[in-house]
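You will see two complexes here that share chain A, one where it goes with chain B and one where it goes with chain C.
For the complex of A and B:
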């Protein structure tokens, strides 16, 4: 046996467990879901077949299109705000906080991760409520005359998401920034670049993979999230995951829920291809 | 040979019951009120078993779990009383020995034979009930207003209303507001509910699950919850005595949950013991005051095991009047159910 053939067999041997795992727990269930998405309901029974009716309904029903649009709008807003907030935070930790304190600063940044996601969402409901901390503070400072309606709105959903994803993005961006040699910035400034030019033309492009990786993860986790819009949004508008849950928990309409899930995965796949040029999942 | 086999099996059975690590287990598919340790632990101690509980929401989800399970995986099922027939038709419930059930001690309206019995065979027994009506904070709204459902969409309480996120009771209430009995909700009458439902949605601030509705009412986020009742406010009564509920003049809905033994259970006798424990006066009192939500016990003898304060919160003495004025949930067939859910989804997306 040649050395190359031996290496190849070893490589496949090492890959095999991961391939089997992926096939068993992702590929096969996914294919099953796609097949189910072409079934339909007769009464309360699922009738297998090849009927694209569920997809036709998703792209013609105003409620379903509205849910897709809401999901996309919320996800894009959350991703942009999270990146804008996380980048400076990561930069401060990487460049301004002394090395011996950086670990503590990162720990503080991810501290909210230590509590349950559901508990955190209900906590935000109390903070943002009519008689919550935010409204009481604003009223106390005389900045508002009447309590603002924040809970049970899209704003509350976005705040809940941003609080969570800023932490995630801070970690991915920090991981990139900390690997960056300070010589790049020094070289740029030696060549006459201002601080802004150094950031815009040197630092940012070099850290873009970390930013895009974090943004992609934020996009994926945000668009598929059911808890936050359900608790903080007060059901004032429907998102795609809420619509999927309605089909599963209430209607028992698994074919339509599968079709909606396939659409959700298609959106994530498009986001992947759109960002794949910069995506470095190995930096996570 | 047969003797040896019998002895071996007996020894194994003894070993199973005597060894803590191999203790007998009972698997129950339940609603969250059954997860209160104060309810389950006395049964576990008495029978030396471990009760594994899985909480589900919505009959469709519960039946889907059973669909995906092997026969014998589940022993006990708690289900909406109006959906017992649906579970029986799906072959999910085993027949119960009617003579071994405590139904003789039940409030007569709660025996619900028309729901728990199919073709003369009993498949489930009612365990708890209550009302979906209007919950409110009596310091924030005029209690007299809450006696008339029409006030909700009059503009007086706009932005202060929460709607319980469950289409059956709320559509039932909207129907009562239009003078339509819940049993008369059909494909023909359903369109009449659309405008009033949308008007209610327009006047409301949120449509929320149990916890969010309780949080909203307790924190003043909303002052009224349509679809609420004692199950929403009773558990908060000790901390917030301002929370109250009423059945308006148009009427309210009566919810009821039933319990039965799952078809294919490998330990039907133990499952039946569990059903009988839950429907015994002591079990009923514990279930009625469960930490998840309160509700009236179906067994009238549970009154002896409840404190006067607990009975006051449950409005024990008003039950005869309430039972007269409340109607059961609508029981839609598959097509009407889909239409009702589509209307509900449209309301959520509004």
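For the complex of A and C:
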């Protein structure tokens, strides 16, 4: 056997465990889920077949369409607000905070990341609830007469999400800003660009791949999340993951849950293609 | 002016980021039944209750076990695959990289649902091990991508030298490649442990009885707000932060 052939046989051997694992526990279940999404429920039993009825139901039923719309709206709003809040924070840490304090400043900015995800949503409930810190403070100051209803609304879901993703985006955007050579900004200013022009025409385009990558991650993670809308948003305006979990729990309707998951997956794929021009997933 | 605004923004941003954690920790000491204002004085009772709760300590051990074992498996699989793809040009290697990274871009809910279907069909009993399988799936992309990105010419040359001197492949892997990649391998491992430790939906759907900590906390939430939940959350926070600081001072010290 030639050396190259031996090498490649060995390489296949090293690759095989990871590929087999991914095929068996990711690709196969995913294909199974797609197949199941075309099945039907008769009573408590799943009847396999090729029936697009579940999809027809998703795109006509007002509750399901509503959940799809809620998910999309919440996710887009969360992604935009998080980027807009995180960019200045990352820039201030990268350009204003003295170099030796930057790592500490960054660690502090993501410290709540280390509480458990479930607990983080719960903490916002303590802040935003009917008897929560915000309401008690505003009542105490006499700014409002009645407690505000924030918990169990979409606003609470958005606040909970934004909190998490501002931390994540601050990290990714900072990593991008710090790699920029200061010469770009210097050159722009030498050529007469104002501070704003330097930012809009030089810094921002150079950091766009990092911003888009972070925004894409925000989109994927928030549209697929069950915890935050369930704890903070309550059951008034369901999101897609909440609806999927309801199908699993209450009615055991696996085919419909699978179809909803395929729709969720399709939305994420669309977002991927919309942003793929700037995406650098290999550099996260 | 801009300077002032920057510092003001920094302060506001940190206030927003710290607000929920500060409230969480503060009201874990609440001497009363509800973790909301007014603050009725300091007590450690809730910590006592939580530490004496067998369900919680069992869940904590389950979480620890599944995090460490699934991260180790993911790290070994990922490292071997990265080593193979970085060394030999195979037909379709770009596709294989894509397949290995793919689970990262798919919601964990979808991965969980797919596995739930698979296990129900094949009659695999739902348990901590089923959860562990799912956690390897979500952590494998990371454990592949981080070492893969860190493999360079320098390392390839050292491996080649070892092979020329007659080292079998397993010796090259354990004595040359792994030690040279110690830092990225450690980073991948600890990131995986963090994700697995904190993962909810896979653990929720794939485990029936031996639940993990996030699932146990979730079931505590069903009985409403309680300073006990605050105490659990604060303890998790304390442990994680201590771990992060230790890692920062040891493993990641050299990194710029």
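Please note the rule applied: the second predicted complex is superposed on the first by the 262 of 284 C-alpha atoms of A that agree within 3 Å, B and C clash if a C-alpha of one lies under 4 Å from a C-alpha of the other, contacts with A are read in each partner's own complex, and residues count from 1 in each chain.
We adopt the following convention: a residue touches a chain if its C-beta (ideal position, glycine included) is under 8 Å from a C-beta of that chain, and two chains touch if they have at least 3 such contacts.
Here the structure is a predicted model, which is why all the values come from computation and not from measurement.
On the superposed chain A, the positions of chain B and chain C overlap enough to count as a clash.
Of the two partner chains placed by superposition, A:198 touches none, neither chain B nor chain C. Of the two partner chains, neither chain B nor chain C is touched by A:218.
Within the superposed three-chain model, A:131 lies in touch with chain B and with chain C [touch as defined at top].
In the overlay built on the shared chain, the residue A:248 is in contact with chain B and with chain C.
In the overlay built on the shared chain, the residue A:71 is in contact with neither chain B nor chain C. Using the contact criterion defined above for the overlaid structures, shared-chain residue A:172 touches neither chain B nor chain C, since it reaches no partner. Between chain B and chain C, C contacts the larger number of chain A residues.
When both complexes are overlaid on chain A, the residue A:123 reaches chain C alone and has no touch with chain B. Judged by the touch definition given at the top, the superposed model places A:43 against chain B, while chain C stays out of reach. In the overlay built on the shared chain, the residue A:231 is in contact with chain B and with chain C. Shared contact residues on chain A (touching chain B in one structure, chain C in the other): 122, 125-126, 129, 131-132, 231, 248, 254.
Every residue of chain C that touches chain A in the complex is listed here, in rising order: 3, 6-7, 9-10, 13-14, 16-21, 23-24, 27, 34-38, 76-78, 80-81, 83-85, 87-88, 90, 96, 99-111, 113-118, 121, 133-134, 136-137, 140, 144-145, 149, 169, 198, 200-201, 205, 213-214, 217-218, 221, 225, 229-230, 232-233, 236-237, 240-241, 244, 248.
Chain A makes touch with chain B in their complex at residues 41, 43-44, 62-63, 66-67, 122, 125-126, 129-132, 149, 151-152, 230-231, 234-238, 242-243, 246, 248-254.
Contact residues on chain A toward chain C in their complex (touch as defined above): 7-8, 10-15, 17-19, 21-23, 25-30, 32-33, 36, 85, 88-89, 92-93, 96-97, 107-109, 111-112, 114-120, 122-127, 129, 131-133, 136-137, 163, 166-167, 220-221, 223-227, 231, 241, 244-245, 248, 254, 257-258, 261, 264-265, 268, 272, 281-284. On the side of chain B, the complex with chain A involves touching residues 57-58, 60-61, 63-64, 86, 159, 165, 167, 205-209, 211-212, 215-216, 219-221, 333-335, 337-338, 341, 345-346, 348-349.
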